[in-house]
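So, here's a batch of structures to check.
Paired with chain B in one complex and with chain C in the other, chain A is shared by the two complexes that follow.
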Partner chain A sequence: MEERIKKVLSAVFEIPADSVNDQSSPDTIQQWDSIKHMQMVIALEEEFGFQFTDEEIIELLNYSLIREIISSKI
Partner chain B sequence: MMELKYSEILKLNKELMPAPDSAIYNVSILSNITVSAAKDIIEYSLRAEGINACVSVGDYDNIVQDSEKYNGSNLVIVFFELANITDGLHYRADLMDSEAITGILEKTKSEIALIFRNLKKTSLVVFNTFSAMHFCSSSIVNCNLSALASGLNAYLSSVLPVNVKLIDLDKVLCRVGVRNALDLRYYYLSKALYSIEFYKAYADFVRPIILSANGKTRKCIIFDCDNTLWKGILGEDGFDNIELSPGTAYGSIFAEVQGIALALNKRGILIGICSKNNPGDVDAVIKNHPDMQLRDEHITIRKINWSDKVTNLREIAAELNIGLDSLVFVDDSSFEANLVREHLPEVAVLQVPGRLQDYPGILRDNMGLFYNLSSSVEDKLKANMYNINVKRENAKSDFLTIEDYLASLKLKLTLYEDDSSIIPRISQMSQKTNQFNLTTIRYTENDINAFIADGNSKVYAYSVSDKFGDSGITGLCIININRESGTADINTFLMSCRIIGRNIEYAFMDYLINAVRNLGGRTVTAKYIKTPKNDQVGNFYDRCSFALTDSNEKNKTYVLAIDDYKPHNLTYIEIVNGRTN
Partner chain C sequence: MNKYDSIAVGEKAELTHVITQSDVKHFVDLTGDDNKLHVDREFASKTSFKKPVAHGMLGASFISTVIGTKLPGDGALWYSQNLEFLLPVRVGDTITVRAEVIKKIDRMQAIELSTDIYNQNKQKVVTGTARVKIVDQVEPQKTEERKNKKRIAVVIGGSGGIGQAACLRLARDGFDIAVHYLGNKEKADELAGKITTMGRRAISVRADITDYEDVKSMVDLICRKLGPVTVLVNSSLSGLPNIKFSDLDWESIQHQIDVNVKGLHNLAKCIVPVMEKEKYGKVINLTTQDIDEPKTELIHYIAAKSALQGYSRALAVELGPKGIRVNLVSPGMTETGLVANFPEKVRLLTAARAPLRRIAQPEDVANAVSFLASEDSDYLTGETIRVNGGQVMK
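Then we have the complex of A and B:
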């Protein structure tokens, strides 16, 4: 699962997959703006085949939260 | 495209990012909704086909202003979304009286007129039709939104300029289903109406138009025979037992496939056959089988033998004088399909599916491969002309020298100078000619119109006839002339591959140089721009007494002092003037 999340983040933010870590967030990734956030949500939903709720979308604030929310859904 | 995930598209698209010094195909998307997700999908769908596309997205809800700002792009795509013409129109429309609806209709019409005017000089514009499906598809009674959509679509088709191509939005929505096409979470959040799935399907609708504008259209479809044109194996089941009659279930599928092929042939697409069989057996079916629809007169080329399909397809391309990337190949065998995919990646391969009922649909889904931006009368005649060409090839062998042969043909060039009645064909030639093309610059109808209107440019086109038939308009030259300095520059010089090998280019050059001299020209400059396909004309200007002034890997530039020109004086080619405007 972690590999798949990192693959998506790497494609959306145009960064190497192995540079993604628990602290990765809009603060550490310059490109992570509201449009990229939307792209990331869509790409993650497509990757895992479910939709996030509105609350979850707002909570997807860094890599460790993304991992936590996704693992609670699959 | 549909099978790739969004994250995969993002990744692949980044890998195909054009090098900084390469020529870019600029695409702008103007919209009254948020369409940022379209950028990477459209870019990738074009880059994967070898077009160095860069997409920029205009400001939100700023179509009219942006149509002026972005009109220099190679392509402008307009998403004018009905639901957001005014805020919340998708539900407010039914609260409005007819006067208010008319008001919105008229306002939008005048905005469309303004957009078209601002984009008048743009080479190519793609405009989506208006659709009410998003919000009205389940409504039994017609809502005001549907009435608005019909009114606007009627207006669009009544004023549609030549450089604007419509995408039927209903069809795109139909392809993915309305529910899958929308992502309403983002509509309410940020006016982004469409889902990733929608944009993937949309890219499939737009791509053929752009490929056609860039000279990448398929010209020929090659069919295997057994289980591809009929059900069964001719060599084993025999003439009487193969199925292609609409009277049986399997037969009606293959009858439909042949019907689709015939319809393509009517549009000027060449049909070929490439099959491992005994030639006599297949010939007998084509000639005599009562249910066969594809007959001798429809089939331009056939390779019925036991050699491999890769060799046969290479030969077909060579004999028809077209590129491998002009071919579509249909076969039922995974072995053959994969062999061709692997060895000839330029060929588009369609495989007959295991579920035979899906076979005609697969052909229909791939009709975009043959999409032609400017369909003209020439195309319909073209398939027939290739057949005449085969006759000519056969006549060739009876003569001692090629000159004798050419002299016997009674060749005649009919010239058209700045003739606006043939603009669609001229533009089409610039888009589709790859081999005998010195500069390979693609022009839309709008571009050609501008050359004709410009007093400093001359557009010469010609048709060629001989005792076997008329090849139609098949040659073109665009020259820019500066009368004050006495200089001329050949911008475009091309010839359809159908008329190669008859020395027509030299007779035409004689005529051109004479015409430039009569217009006061004393020197002519010209350029050869190398492409993967135009090697055969790499030394054309050298053969026409031009002097090489500069040469590198990509280009050669030439100059000719008109007094130094040595005419070819080919007595066996007659030149006459066609109508001129």
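Then we have the complex of A and C:
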């Protein structure tokens, strides 16, 4: 699961997958703005085949939370 | 030693000054006293003085210089002076102003000085006495005396996560510590042992803080074994179940109020008299960020902590004049056993939403406790230090 998330973030933010870690967030990835955030949400939904709730979309604040929220849904 | 105490009868000071025409002109400009005897050569020549005479108060004004800059110097409040002008002083004369302490008036923290002025021929031209009150700067009570005293702290809930960090930090700051526990004797003993290896004295003490007699016995024991307590850290905590309003009964609220408010009341009743004798004390109560930003299902806890805050601030007003400060530390979510059972998502979200991007460590909270326990915070009371990484700013 983690590899799949990293692959999505790598593609959306155009960064190497191996540079994505627990600290990855808008604080550390310059390209992670509100538009890219929505692109990431759609890409993750396509990758995992489910939809995030509105609340979850707001809570996808960093890699650790993305992993936590996705693991609770699959 | 304050300035008054450092001054002795017989102490002397003097200054010498040559009276110039410019001095006379400045004195006229300042006071408007252009009496022809002082400024009109022709007028003066027709008097018994034959030549102009400098204003008596011009020479006497140098008494102010001696008092204000030398004896006693800064902080002098010159409130009484009598003068007798014995001989005229003229432009070109060299005057020597001499002051000597002839009496100390302890009741008023004042000194009496003889104030005499001599000319270059060693003739006394002015004589008098002055009274000067010595006003010391109001220094914070961070005195050597305080620093040299034993520093003894009791940490309520010392076996808990934050309490433990507070104990270790205060021990590192030089406090002897009474580690309070209710049920976890083993942990309190272990912590007291650890503090002892740090070179401080430490004991573990048990008390149910909701029971006055229990608290009284505990405080007596601490005072007997360690000495007078001047720092109380109240990080008491009982279980913190989430309870929906629909399921909330009064007993659950009462339990929190007992631990937080009655507990503090009992502690204050027993420890404040000790602090009063020391004329110094620090009461530090742990509250919660949830007061500022209430969370669901915690009415019982938030109501009690809010009451604790109100009690603390009211107590601060009443105890301030006695040198006892009462402050609060309000942590956000802190990495302790209490939050170990929180869902990981909640911890991650809290950290991600905090401007400093992490939840608090017990040591972060202990640092604030350390500051409030130290003399560096002696001018703070009734204050709340929020240790929450910027989650709530007030």
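The criterion applied here is as follows: the second predicted complex is superposed on the first by the 74 of 74 C-alpha atoms of A that agree within 3 Å, B and C clash if a C-alpha of one lies under 4 Å from a C-alpha of the other, contacts with A are read in each partner's own complex, and residues count from 1 in each chain.
Here, contacts are C-beta pairs under 8 Å (C-beta built on N, C-alpha and C of every residue); 3 or more make two chains touch, one makes a residue touch a chain.
The model shown is predicted, which means the values in this text are computed figures rather than measured ones.
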item: Room on chain A for both chain B and chain C (clash or fit); value: fit
item: Partner chain(s) touched by A:28 [first = chain B, second = chain C, both, neither]; value: neither
item: Touched partner set for A:12, first chain B, second chain C, both or neither; value: first
item: Dominant contact partner of chain A by residue count, chain C or chain B; value: B
item: Included angle at chain A between vectors to chain C and chain B, based on C-alpha centres and rounded to the nearest 10 degrees; value: 140
item: Which superposed partner A:39 touches (first chain B, second chain C, both, neither); value: first
item: First (chain B), second (chain C), both or neither touched by A:69; value: second
item: First, second, both or neither for A:61, with chain B first and chain C second; value: second
item: First (chain B), second (chain C), both or neither touched by A:47; value: first
item: Closest Cα approach, chain C to chain B, once both complexes are overlaid on chain A (Å); value: 21
item: In the complex, chain C residues that touch chain A; value: 344-345, 348-349, 352-353, 357
item: Touch list for chain A against partner chain B, complex; value: 7-8, 10-12, 14, 34-35, 38-39, 42-43, 46-47, 54
item: Residue ranges of chain B touching chain A (in the complex, touch as defined); value: 5-8, 10-11, 14, 36-37, 183, 185-186, 190, 192, 195-196
item: Chain C-touching residues of chain A, taken from the complex the two chains share; value: 25, 27, 59, 61-62, 64-65, 68-69, 72
